[in-house]
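Pasting the structures here.
Here come two complexes built around subunit A, the first alongside subunit B, the second alongside subunit C.
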Partner chain A sequence: MPQAQVTMDVRRVNDNASVIDVKGELTAFAEGVLMDAYNQASDGRVRAIVLNFEGLEYMNSSGIGLLVTLLIRVNREKQRLLTYGLSEHYRSIFQITRLDDAIGIHDTEDEAIEAAKA
Partner chain B sequence: MTDRTSQNEEQGEQRQPRPEPRDAAFWAKRVDKLEVSAVPDGASNVNVHGRREVGALQGFGQLWQKTYRVRLTGVETTPEEAVRVWKERFPELQPPNSRFYPSMAGVAPGEVLFISASVGGMPVHTGVRVIYADDESFTVMTPEGHPESGWNTFSAYADEDGTTVAQIQSLARANDPIYEIGFRVVGATEQERLWTHVLKSLSAHFGVNEPVSLEKTCVDPKVQWSQIRNLWHNAGARSMIYTMTAPLRWRRDRARRG
Partner chain C sequence: MTAPRNGSHRTLAELSVPSEPGNERRAMEAVADTVEGLGLPGRTLERLKTAVAEATMNAMEHGNRYREEALVLIEVSATDAEISVRITDEGAGPAAFDPETPDLEAKLDGAQTPRGWGLFLIKSMVDEMNVTGDERHHTVELILHLNGRKEASDGRKAL
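After this line comes the complex of A and B, so read on.
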C-alpha cells in the first residue's frame, strides 16, 4: 500500500483543548498518523480535540470514514471534536456526508477554542 | 500554550479564495433530498425520490466497519482497470436477489443507483447515490429507509508485491430497530454473502478464483435511540405495502382510462 501523504502536528493550546494541524492528504493511508495524533492530543484532561484543516490538500471517502471512526472514539472518551480552516469545498463534503451534524465547524482557531469551553 | 490570535487576524485579512483541490471533480454536489428525473426500466422509485441521504452517524444500530478483499493473483491488471470494469459491470456482478439499476450516466458522482433486493426474504426497493468516484474507487451513500445508514467504498490498490487487490469497505449501521433485529438474526450474514459474491464475480471476470477475506470491527456497539423515528421511512415495510396495493393501483388506473 502507498505511504500516507500527510503530517499531523499536535499543539496543546490550553488545559481543555488540543489542536491537530492536518497537512496533506486524508485517505485510508492516514489512519495510523491520525490515530497517533489523537492519542498524543488527548493526553491528560483534554475535553476537546480541534482539527485544523487549513493545510488539507486532498480527501476521499475513506478519509471521511476515518473522521467517523475518530469521532466515535472522541465521543467514547466524553470529549468533543471540532474543526476549523475548512475550505468551501470541504465544508460541502461535510454536509454531503452529514458529518456536520456531529462535528462542530468553525472559521478560525479562536472560535473553535472558544466553542470548546462551552 | 500557544497564542495564535494575531496570526489568525493576519490570515483573516489576507484570506484569498483557495485553488480548487484535486478531489473536487470526484465528489458529488450536495443535495438536500434525492431528486430523480428518470427511472431506469425495471427499477422502482418508491423509496428514493425525496429521501435525504443518511451516513454512518444517522442510523439506529451498531456501527460496523467491514472490509472484504480479493487478490487478483496472476493477472496483469492495474487498480484503475479493475475499478473501470467494476463501474461498467456493477449490476451484473450482483447476485440474483440483489438487482442494481444504474442511470444512463452509470457510476459517476451524483448518480443514483436503484436497488431491488430481498433482505431476509422481504422485498426492498431502495437506492444509493454515488457520492465519490475517481479512477481507483467509488463510494455510495444510502438514503432514508435503506436497510443501512452509511457508505460502501469499492476500490482497488496494488499490494506490496504489485498484485492488484479489489476491496469493498462498508461503514454503516442498521437504519432502524427492525433492520437492526434483522441484521442480528440473519441480515448480516446475507450481506456478507452479497459482497463476497460481488468480489468473486469481479475476480472471475479476470479469470481469478481466489478466496475473499473479511475483516469486521464493531466501531460503535451502542444503538442510537434518538434515531428511532427512522422507522417511518423503512423501505422494507413501504415496499411490502407498495407490492400489496398493486392491484388497487391497477384498478384505479383502469378506471381513469375509462
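After this line comes the complex of A and C, so read on.
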C-alpha cells in the first residue's frame, strides 16, 4: 500500500471546535490519517470539526468517499463538519456532489469558527 | 463506435502510464501540459484534469487490476471544435464503473456505500463521455466542446 501523501495536524481552537489542517492529497490512501486526525480532534466536548483545505493539492473520488465516511461519523456523534480554504474547483465539486448541503463551507478560519458557535 | 465528427482530429500526444497507484496524477498533469496552448479557461482545464485522473484511476484499478506491467494509454487530440482524450486499458468486457447514481442522503443513511463517485464525477466534468470495449481493451473517451461552452454560476455544466 503506498503511503498517504498527506499530513493532517489538529488544533483545538476553543472548547467547542477543533481544526484539522489538511496538506497534500485526499485520496483512498489518506483514510488512516484522516480518521486518526478526527479521533484526535474529537477529544473532549468538541461539537464542531473544521477542515482547513488551504493546503489541499488534490482530491479524487475516493477522497470524496472518505469525506462521506467522516460525515457519517460526525453525524453519529451529533457534531458538525465545516471547511474553509477550498479552491474554486473543489467548491464546485462540493456543489455537484451536494456535499455543500451537509458540510458548511466558509472562506476563512475565523468565519468557520464563528459559524461553529451557532 | 463513436460517431464521426466534423473537422479533422489532430493528435496532440500519445502517452502511457504503468498501472501503479498515484499515476493518475501523472496522467492528469501530462494531459494538462499537452493542452496548455489551446487557451482553455482555468476552470475548464481543472475539470478536464479531474476527469482524466478519474478515468485513468478507473482504468488502472478495474481494467488493469493494478498490474504494473499493464499500461494505460492516453491519446489527446483536438479539432477546432473539441478536445478528445481517449484512455485505454487492457481489461476485457464492459468497462467497470459503479452504475449506481450516487445520492448523498442515501450514503449518509447507509443505503449506498460512501464510495462510488467516479463515474458521476467524470460525467459532471466533461461534455461527453463515450465508453467502448472489446475482448482486450476498454476505452473511455472524454470530450470537451471548445465553442459555446457555458457553465452555470454554481459550477455545473449548463444543459
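Keep in mind that, in the parts below, the second predicted complex is superposed on the first by the 118 of 118 C-alpha atoms of A that agree within 3 Å, B and C clash if a C-alpha of one lies under 4 Å from a C-alpha of the other, contacts with A are read in each partner's own complex, and residues count from 1 in each chain.
Criterion: contacts are C-beta pairs under 8 Å (C-beta built on N, C-alpha and C of every residue); 3 or more make two chains touch, one makes a residue touch a chain.
The structure displayed is predicted, hence computed values, not measured ones.
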item: Clash or fit (per the criteria above) of subunit B with subunit C on subunit A; value: clash
item: Contacts of A:V13 with subunit B and subunit C, given as first, second, both or neither; value: first
item: Partner chain(s) touched by A:G32 [first = subunit B, second = subunit C, both, neither]; value: neither
item: First, second, both or neither for A:G44, with subunit B first and subunit C second; value: neither
item: Touching partner for A:D110 - first (subunit B), second (subunit C), both, neither; value: first
item: Which superposed partner A:H89 touches (first subunit B, second subunit C, both, neither); value: both
item: On subunit A, positions contacted by subunit B and by subunit C; value: 2, 58, 60-62, 64-65, 68-69, 71-72, 89, 92-93, 95-99, 101-102
item: Interfacial residue positions of subunit A with respect to subunit C in the complex; value: 2, 5, 25, 27, 29, 58, 60-62, 64-66, 68-69, 71-72, 75, 88-89, 91-93, 95-99, 101-102
item: Touching residues (chain side subunit A, partner subunit B) in the complex; value: 1-2, 11-14, 28, 56-62, 64-65, 68-69, 71-72, 87, 89-90, 92-93, 95-99, 101-102, 108-110
item: Subunit A-facing residues of subunit C, complex; value: 21-22, 24-25, 43, 46-47, 50, 53-54, 57, 102, 104, 107-108, 110, 113-118, 120-121, 124, 154-156
item: Complex interface listing, subunit B residues touching subunit A; value: 1-2, 4-5, 8, 12, 18, 20-24, 26-30, 53-58, 63, 65, 131-132, 134, 137, 139, 141, 151, 153, 155, 157, 159-160, 169, 171, 219-220
